[in-house]
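I have a structure here, written as structure tokens, and I will follow up with some questions on it.
Chain nomenclature is as follows: A, B, C, D, E and F, assigned in order of appearance, with residue numbering initiated at 1 for each chain independently.
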Amino acid sequence: MLRDVNTRKVMKNAFRITKHKYKTALRVRVPGGLGDPLVFRTVADIAEKFGDGRIHITTRQGFEILGIDMEDMPEVNEAIQPVIDHLDTNQEKRKAGYPASGTRNVAGCIGNKICPKAQYNTTEFAKEIEDMIFPNDLHVKIALTGCPNDCIKSVMHDFGIIGMCLPEYDQSRCVACQACVNKCKSYSVGALSIENNKIVRNHEKCIGCGECVLNCPMLAWTRSPKKYFRLVIMGRTGKKNPRIAKTWLKWVDKPAIMKIIANTYEYTAEYIDPEAPNGKEHIGYIVDRTGFEEFKKWALKDVELPERCEVVPTVYWDERKIW
Amino acid sequence: MTNEYIPQAAVIREIIPHTEREWTFRVETDGTNTKPGQFYEISIPRYGESPISVSGYADDFVDFTIRNVGRVTNYLFDLKPGDKLALRGPYGNGFDIEEFKNKEVIIVAGGTALSPVRGVIEYAYYHPEEFKGFSVICGFKSPAEVLFRDDIERWKERLNVIQCVDGAPEGYTGPVGMVTAFIPDIEIKDAENLQAIVAGPPVMIKFSTLELQKRGIIDHNLWVSYERRMHCGLGKCGHCKMDDTYICLDGPVFRFTDARKLFD
Amino acid sequence: MKQIVSKEAFNEGLAKLLTEYDIYGPVRHPYRGTHSDTDKIQYQQVHSFDEMEWDEKSQFSPKSAVLPINQLLFYFVEDQWLEASETMRKILVFLRPCDLHGMKRMDEIYLNNGAPDYFYERRRKMIKFVVVGCKETYRNCFCVSMGSNVPEDYDAALNIRDDHFELDIIDEDLAVFAGREADFDIDYVTENTFSIEVPEEVDSQYLAEHDMWREFDSRCIACGRCNYVCPTCTCFDMQDIYYKENEDAGERRRVWGACMVDRYTDIAGGITFRSKYGSRMRFKAMHKIYDFRKRFGYNMCVGCGRCDDACPQYISFSETIEKVGAVMKQKLNEEDPA
Amino acid sequence: MLRDVNTRKVMKNAFRITKHKYKTALRVRVPGGLGDPLVFRTVADIAEKFGDGRIHITTRQGFEILGIDMEDMPEVNEAIQPVIDHLDTNQEKRKAGYPASGTRNVAGCIGNKICPKAQYNTTEFAKEIEDMIFPNDLHVKIALTGCPNDCIKSVMHDFGIIGMCLPEYDQSRCVACQACVNKCKSYSVGALSIENNKIVRNHEKCIGCGECVLNCPMLAWTRSPKKYFRLVIMGRTGKKNPRIAKTWLKWVDKPAIMKIIANTYEYTAEYIDPEAPNGKEHIGYIVDRTGFEEFKKWALKDVELPERCEVVPTVYWDERKIW
Amino acid sequence: MKQIVSKEAFNEGLAKLLTEYDIYGPVRHPYRGTHSDTDKIQYQQVHSFDEMEWDEKSQFSPKSAVLPINQLLFYFVEDQWLEASETMRKILVFLRPCDLHGMKRMDEIYLNNGAPDYFYERRRKMIKFVVVGCKETYRNCFCVSMGSNVPEDYDAALNIRDDHFELDIIDEDLAVFAGREADFDIDYVTENTFSIEVPEEVDSQYLAEHDMWREFDSRCIACGRCNYVCPTCTCFDMQDIYYKENEDAGERRRVWGACMVDRYTDIAGGITFRSKYGSRMRFKAMHKIYDFRKRFGYNMCVGCGRCDDACPQYISFSETIEKVGAVMKQKLNEEDPA
Amino acid sequence: MTNEYIPQAAVIREIIPHTEREWTFRVETDGTNTKPGQFYEISIPRYGESPISVSGYADDFVDFTIRNVGRVTNYLFDLKPGDKLALRGPYGNGFDIEEFKNKEVIIVAGGTALSPVRGVIEYAYYHPEEFKGFSVICGFKSPAEVLFRDDIERWKERLNVIQCVDGAPEGYTGPVGMVTAFIPDIEIKDAENLQAIVAGPPVMIKFSTLELQKRGIIDHNLWVSYERRMHCGLGKCGHCKMDDTYICLDGPVFRFTDARKLFD
């Protein structure tokens, strides 16, 4: 019977230290939230064979298979291998389970796989990020959302990647039905107006939600084929001071975001408090500590921002307490 | 191939205010081919064109009586005699005076819809002997909104004119009530041959025709003038169609036998 | 003249025609669809056959080639009006049989309803139609039911084959293609995935009071897509534009109108007719299968199904026709239970 | 082949109108996020038989089974019946699928099923709420979180139900090791201090996170057996003005919360904008419209608040734009 | 005197004893555990057998009955000191064999290490122990390996049976139970789920420099649970309290101390010994299996396993002992490869 | 059974400041049973007790030399002669002067650790003839922190005293360097029998003993005085234990043969 257990290794291996001693739960990561029957059946099998039959669906699009005896962790690691293979999750050693759990599953709303509002395939982008950053112990939360409706609640993440539609207007197809103006006003920020029977778009106000394109019956508004994003940063939940992420970059593109995330890991490794409990310091608190300028310096290193990109020079967060 | 879409500029000869919001614009243009009940498309900058009924005409002018309903017509109310209006027309069938001659006639009109029938009334005023009787019930929302005040007083000299208002401040002495309330009072000699015209907003048309039918007027002799969105005036743009009827081509004046088949 | 033409010869022929003709056909625009990572297929000028997309149904009909979406009518400068010009080149429109049937209906409105329309007629005279035969129906098509499946009155027609074309040239002006004579029929669909019966007897006033339309009051969102994609919707709005730099100068245009869309019936004084969306549905339906026929002798709708394709609310026009038929049948039964 | 489809009925039936016409996705609701092998296998089977094999894990702890032909909706409704039965989801008619989708799945963090920090069983509470409010078309989002770490991001919900630990102090067991003071300061709000070698707790400051109890090696701090909650309200994500929910009630109990939620549905039914797009008006916007006072009047009707409950008289939200 | 006593008779006996004795036993407090919806089991005064929880191992040991967690030593008023009083009643503590072994170790420190402790001795004299026989081992117990499984030196002992008790009364003062004589042995565990070998030879200096402890620098969180739950940890801190109402008056207490917890070794001038948690682990381990033995001839640890039960970091003390053994074995091998 | 936990009140007779931070408190109590190197537990309100070395004693007083290190000792520095201190003791073994008599002696002391050895030095000062040699190296951080200034000057009259500082401002003329730097310079006659005492912080003890060993002093003759947290002073509370040794009972003074086995 198991006695001594290195809890850090357990946690790093994506098993949980639960309130019940010697009982653990496996955290299965599903990048961008896209599973399939193999994943579901494997998880069901593990829950049945090693767990107590309960499977919790996490808020970060993973599963927690509950009630596993810690003694069974090696066997569970073997059993989950098909899921790791199938989802092509980065792994250090086969059949050894997940190699790290500090950085959380990169979450994604359903995205434009099916959602009419989404501007991009969140799952694919999530997978690219996953490939780049995993395995990693640093505590970073990333979420991708297809549009500013933000169903994934990316504004509560360290990095919220919000799809933006750059609407392009073909005046010759516009019949001035004003569906775009009305929908922009009622559903979004009211960035459109009509002048001389043609639509005028306030680019500063526009949040790229794409309602104009979605609602244009003439497809006079279409979407620029180049994908743009809004990058909001350092939102968080938590006991101390939950806060909504604020916009840092508007109209940024994927290569820039990837580089910024990679840079952020270097920054975090440099500045993480070595005394932090369990070696975990949430990136947002590090930024609070070093100041935004230092973060920015590191994050933007060698980043090529697209020409259209708008940079908020200094990001300020609201921290009026909710508690 | 003539381009019927292109308007003509016409000088405003005179502006005759009836109320604060309702003025008649007398425009210098050839009115010889115009009939009462017809309309012109008048260009209004920043809005486009608006179909406006002819409220009077002569060889050298046409009258348009217009209510200032805000944004659309505001522009017109800044104009002064000597300024120009862009217009094209006349469009529509209008009233054929011949149909009414030698008959008893009742005209029921509400608000600005007095315009399309004013030409008929004027004709009767000047030729009362050509009719077996001529009654006009014209209703307005309030005493302040009465149109063609002077005309009405003048018409009363020769015709049976009831000018009523829907409501009035205390102390008002004229008739108060909906136009329909006055239809039962009209003296009718030969209901079967009586010709009646109803012009006004949809609800008024609905109840006035009902009331007239009660008086024994037959649908064939009952005429209505429709307000719809006559936009091109040429049977193309589609806006004024009701059932298979293009109001701009086939109307706006219909016998009730036809009109009753029209609906929205 | 029927001939078989190789791909190369066909494109050579088109190249010749391009000296005199503007050619219009359906073009796919990747990533330009309503939803992200979807495409748009619309009619526009092309320069070779390969630019055209025939595998999928075009979302918009070819009517834009004939009736420009935005058509400048004239300029005004103080109180003078200057007519806008029309192209001096001929126009060749490649289109499906149903859409060609749609053109006939457009002609009816613009040329035969009242006096011919000046601007329409001026452009229409320049246009010739090349029918592209249809081998297979698309989803939502019901051209067979509407009798608009068979190509008629074309200037040329063609069947797309794996490595060649079958070309039937009627207008000799278009006989510029090198090929060998052959006999064939232009493809057309003889069966759609479904068929409907268009009611002969339509009591529009009875229907106007029927509550069958009320379901659409809430289902329809009055976006007008069904109008805009329809090859037979011909309504337009006129727009005046005063130049910002000089408000004494400007222009008048006409742009596609839509009976489903707000403001279509607005008149001065804040009055709107058919504010209920179901009533607009009825108005449109009646036009397509009843009043146009009453005026011109045949149904307006050609059964291309684009309205169904386009409706974000999944309102099916073909089913609406069936519902009208059912209501009429029920009425007849009630009146004459035998 | 399917032609006319009443999209409202489809949506009410928890199928989605996707960007691909005639393709739908079934939204499977898992109240409080707790599934089991039967649920997982049934979902896998449906995905395989009727869908395109993709299953998206939603941010609200449901599944979306993608790529279902709309023609198959009735069969899918039959196939999902075991899940509905098994999770004991309210239903109007057997084998007719889900009867409404306006009110979203009541989400819950993993709760004290296993999490050491959680103060209550989120899944059970979620199920009670589910039983009370479903089926319902009103657009209300509820999330339950075990502690103020708020992993479920309840502060982005209309109702965030946050578990609170009422710590009770047995001075005779306290050895003044100060673990509670230190942890409260470093992990939480710093509501504890030491005076004369005993701990003094600032009740006004305390957020009931339970760190004092969790970290007390002597169990001098224990948790009151009565469950308390913090009710935060009217947080939201979205295009217009995402905002963090604010505390309305502190130290409230379950019966009061249940009644308040029930009352809120009556309030919403009364005040919802009849012109709202798709008849959906998010409760937060209704409160914005009627004013907080009116909401409060309805919500507190016949509610018995526990004696200890603290009520914020008027709730103000921060709405500085993030866009 | 061995006898079989019915439940009723047993409780009647307890009732009699209660007139003279305060009785202590393990009590379950529902919902009062570290984690929500878990329980706490601690020793405290009880009034009947049913109040005691014997199915599960108590999280805390009975030492609080003997050495109060907070023990008031004396009051001070200006410059006078007034000794705090001790109970005048006798005390009966129900406890497991291992815990009784723990009491012996506590006595060793408090009575035999230097002069007897005034306060300890004063209370200890009032206390008698009733051993509750152990039939089955709990998880993490290794009493057999520590030789503390067999009950020894009790004043009374009992076996809990389904519907009666087997009672062995040594101290005649406790012979108040009505029952029949019988012969039996008091239960004790002869095999735990695991057994360990406690190294005979411990080179504490060698071990102090060995890096086996470094793993605990990061694993251990220095919470002190292993100390507080241990039946043999005897350290205390002294605390002075000045009353807020009058700072010239106050009291001095002693409270349980813990060598794993910060400040244990702090001296004036900011100096701290053993700031590394691994070094604290070593200090504790050496005390339990080496230096106590060196001083008193037997191991301090009784193998109750509560430290393992309590450790939130899953550090196993029994495995730590094994690691010490392995290091010592390796050292011997290195010194004498034969 | 006596209650050893209860302190006694003792009047402060005199306060002798050495530096700003280091004062000697002379307390009226029976010092007859006291030895150098022993300690008392002195009560400090709001903190508890602190083990303080005896830095001097006589029949009717005991001296405690205390550095004000902040919170803990601050209170003491507000006291004035005539005020009372609460104390209990003496505890620990202390130095046995007999061990050193008739031998060469070296004492190495750092900072306040001069206190526990001061009694030994004083004895040597008054009885220099009882030793074969007596050297003292006492080191302080800086000239300002030198303790027992007058004593040192006095001691220098009869004993070999090196008072050094770790560092000093420019212009300082006394010895500068760690105490270890001065050990090699001490003249030694018979290393094998020489008795050496080291008192000070852990690091100083470590390097000084090393240095003394290099000079040939044997561990048995090498004494150290440990500072640890003697809390109860009675072998119960556990805080001062090192290996199996309770410093309060068995120390704080150890032969290096024993002390070298003590570690943390």
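Criterion: a contact is a pair of C-beta atoms (placed from the backbone, for glycine too) under 8 Å apart; a residue touches a chain by one contact, two chains touch by 3 or more.
Not measured: the values here are computed from a predicted model.
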item: Comparison of E-F and A-E (more C-beta pairs in contact); value: E-F
item: Computed distance of Cα centres, chain D from chain B, in Å; value: 63
item: Geometric centre distance via CA averages, chain E-chain B, whole Å; value: 108
item: Euclidean distance of C-alpha centroids - chain D vs chain F, Å; value: 66
item: Chain C and chain D: spacing of chain centres that average the CA atoms, whole Å; value: 50
item: Where chain A touches two or more other chains, by residue; value: 17, 19, 112, 116, 118
item: For chain C, residues contacting two or more additional chains; value: 34-36, 237, 239-240, 242, 257
item: Contact pairs between chains, per stated definition; value: A-C, A-D, A-E, B-C, C-D, D-E, E-F
item: Complex contact set, residues of chain E against chain A; value: 34-36, 38, 139-140, 193-194, 215, 218-219, 308-309, 312-316, 318-320
item: Interfacial residue positions of chain C with respect to chain A in the complex; value: 29-37, 40, 42, 59-60, 69-70, 223-225, 227-228, 237, 239-242, 244, 253, 255-258, 261, 310
item: Footprint of chain A on chain D - complex, ascending; value: 16-20, 23, 25, 30, 33-41, 43-45, 47-48, 53-59, 61-64, 66-67, 107, 109-110, 112-116, 118, 123, 147-153, 155-156, 186-189, 207, 209, 230, 232, 237-240, 242-247, 277, 318, 320, 322-323
item: Residue ranges of chain F touching chain E (in the complex, touch as defined); value: 1-7, 9, 43, 45-50, 67, 69, 72-73, 84, 86, 201-202, 227-229, 231-232, 234-239, 241, 243-244, 246, 249, 261, 263-264
item: Chain E residues within the chain F interface of the complex; value: 73-74, 76, 79-81, 83, 109-110, 113-122, 204-205, 208, 234-240, 242, 247, 250, 252, 254, 257, 259, 264-271, 273-274, 279, 283, 286-287, 290-292, 294-295
